[in-house]
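Each structure below appears as structure tokens.
Shared between the two complexes below is subunit A, which has subunit B as its partner in the first and subunit C in the second.
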Partner chain A sequence: MTLKYNNSYINEVSTVAGPYVIYGPFKYDETFTDYYDNEETFEKCEIKNYIKCINILLGKCNKSENDIDLIISSDLLNQLMISNFMMNHFNIPFFGVYNACASFCEELILASTLIDSKKMNNIITATSSNNLTAERQYRNPVEYGYQKKKYQTFTVTGSASCLISNKKSNIKITTATIGKVVDFDVKDSLNMGKVMAPSAYETFITHLKELNLKPEYYDLILTGDLGKYGKTIFNELFYKNFGYYLSNYEDSACMIYDNNDKRVLAGGSGIACINLVTNSYVIPQMISKKYKRVLLIATGALMSVTSVNQKMSIPSISHAVSLEVI
Partner chain B sequence: MSYIYSFIFAGVVCLIAEIILNNTNLKPGHIICLFVIFGSMLDTFKIYDFFQDNFGAGTSIVITSFGHLIMHGAFLGVKQSGFIGFLNGFFNYTTVGISATIVFAFITSILFKAKN
Partner chain C sequence: MTKEEYNNICDKVMPKESHLKRYVISFFIGGLMGFVAELLTNIFINYFYLSYNDSISLMLIIVIFITSILTGLGVFDNLVEICGAGLFIPITGFAHSTTSSALEYRKEGFIFGIGSNIFKLSGSVILYAVVSSFFFGLIRYLLLEI
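What follows is the complex of A and B.
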């Protein structure tokens, strides 16, 4: 399902980045170096920095809470715990959404649809993830200190938000493809790249087919958080069907960290991964006209601790959103 | 020489664990359980005692020793008080290890916070 928008723009963005992300190549509005950041728990630290991220965005676009019609937010924790507590601090209507790491594009699609239908004028989309809160929910207790595998991705610590509005700006959201759930019967909860790569490819091909486009139409095709190995799978899938490799393809998981840092294993993951790369790299590059057309494909592994423990497979989903400089 | 033998035994056990970890989907918790079962099986057939006699302290450091001690205690319990002794003696030798784990974990959790 591909939608076209005429009236939806990214007006402003904000970013807050934490440990490991700050050693990467991009610059962020605010940074913190410790997983606690003077709070008692990792979760409280994530909530604090998420609130900070929204406040930075409101400050940058010079708007008050009353000017915002809706915040669409997502995070990785059960019941969207971080988003719920973050929204405690704002007097703004709230939608909590979850499509795992594909939530960023899901939020952009929802916001653009609402704005394009002229029901709302200003919507904030926000995402947050934290390495240790996600680790202990999805995998093992932090104190356990288990040995990680090299194909594992390393959840990004940070928050990012965007103001989507009908007010014209340089960056327009032009089209979006809503993905379908794909399940390739992968059961390894550590190998997220393998889980998500087929889903990213499916959505990508659907997007091209439904809009009758060629991959070269885009200056940059950016997938969410496939990691080094998932990126290779995506590349190979494309090669198998088209007979050549994409030169304009990148994966945000492979961009967000310092590539020489072996501690981050196969690269980044988490909801905030593609959002941080988009806000801190893609959008500035689009403003400086290096990229004119960008396709974002946020990829999400719809993993549940219960289903993994019951040895069920991990389904995945990807949504695509295209941005254009006007 | 006993130091070297100890080192070789514990090193080989760790090497096997590393090979399993790198080549299967098993998690560290699974491998620990696997080695406890392996140790108890070796003790059931008195093979672990042979290792202990020849490789010394190295055999009592690694996790296989936990399985060995469980079976050792169980067999002693059977000797002393029949079938019910099997259950009674299960944790005879391992009590020290389990209690120490609980006490040290408690103290560590009070004094330190997880950082990374």
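What follows is the complex of A and C.
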């Protein structure tokens, strides 16, 4: 399912980055160096920095809470705990959505559709993830050590938000492809790249087919958080069908951290991964006209602790959104 | 594309884990742990004039204590990542998983937090230790008494 938009623009973005991410190559609006950041728990720290992120965005675009019609927010914790508590602090209507790490594009699609239908004017989309809160929910206690696999990804700590509006700006949201669930019966919850690569590929191909485009149409194709090995799988899948490798393809998991840091293993993951890379790298590059057309493919692994413990497979989903400089 | 075709592509891409290196490291670390424990036991026997059984118990208490302290300081998980089973298989693994669970659930209170969750990871060790000791006891009884 591919949609076209006429008057949906990204007006302003904000980013807050935490430990490990701050040693990466990009600049962020605000940073913190400690997982507690003077709070009692990791969760409270995540909520605090999420609120900070939204406040920075409101400050940057000089808008008050009354000017915003809706916030669409997502995070990794059960029942969207972080989003719910963040929204305690704002007097703005709220949608909580969850498609795991594909939520970023899901939010952009929802926001653009609402704006394009002229029902709303200003919508904030926001995402947040935190390495330790995710680790303790999905895996083991924080202090519990085990030998890690090379293909594991390392959840990004940070939050990011965008203001989507019908007011013209440099960056227009032009098209979007809503993905379908893909399941190749992968059961290893540590191997996110293997789980998500086929769904990213499927959404990518659907997008090209439905709009009748060539991959070269885009200056940059950016997938969400496949990691070092997932990125190679994506490229191999493309090679198998097209006979050549993509030269304009990048994966945000491989960009967000310092590449010499061995502790981050195969790269970043988590909802905020692609959102932070988009806000701090892709959008500035688009404003400076280095990239004119960018395709974002956010990839999500739809697992829960219960499904993994019951040895069920991990379904995955990817949504694509294309941005153009006007 | 079928599941098998996809798995074939992935198998080519996925990195090879260097098991041999891990085996060698854990072999030597495990040996070192044994050496330190034996040294402690002998010190207690020869210099503190404790019985053999008391020395063993004291040695275990010290090893557990050090593991728990290191877990609390956030050092032990990093060591486990490097040393693997050599550091993990003895009683240290039990102490480490118990302490890390206790730390994790402290914020949820003493009863429903620590109390309910402290054996979350190490509970299966207790259960199967009790079950297997029952069966070994039974076998021993059958062999020796009948």
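Keep in mind that, in the parts below, the second predicted complex is superposed on the first by the 326 of 326 C-alpha atoms of A that agree within 3 Å, B and C clash if a C-alpha of one lies under 4 Å from a C-alpha of the other, contacts with A are read in each partner's own complex, and residues count from 1 in each chain.
The criterion applied here is as follows: a contact is a pair of C-beta atoms (placed from the backbone, for glycine too) under 8 Å apart; a residue touches a chain by one contact, two chains touch by 3 or more.
Given the structure is predicted, the values throughout are model-derived calculations rather than measurements.
Because the two structures share subunit A, they can be overlaid on it, and in that overlay subunit B clashes with subunit C. In the superposition on chain A, no contact is made by A:G243 with either subunit B or subunit C. Of the two partners subunit B and subunit C, more residues of subunit A are touched by C. In the superposition on chain A, A:P198 contacts subunit C only, with no contact to subunit B.
By the document's definition of touching, of the two partners only subunit B reaches A:L132; subunit C does not. Legend: residue contacts after superposition of the two complexes on their common chain; A:T232 is shown touching subunit C, with no touch to subunit B. With the complexes overlaid on chain A C-alpha atoms, the stretch of subunit C that clashes with subunit B is 25-33, out of 7-15, 25-33 or 115-123. Shared interface residues of subunit A (contacting subunit B in one complex, subunit C in the other): 140, 142-144, 146-147, 149.
Of all the residues in subunit A, the ones that touch subunit B in their complex are 19, 35-36, 132, 140, 142-144, 146-147, 149, 187-188.
Across the complex, subunit C meets subunit A through its residues 1, 3, 6-7, 9-10, 12-15, 17, 22, 71-72, 74, 76-81, 84, 96-97, 99-101, 103-104, 107, 120-121. Partner subunit A is touched in their complex by these residues of subunit B: 21-22, 25, 27-29, 109, 113-116. By the touch criterion stated above, subunit A contacts subunit C in their complex at residues 40-41, 136, 140-151, 184-185, 191, 194, 198, 229, 232-233, 236-237, 240.
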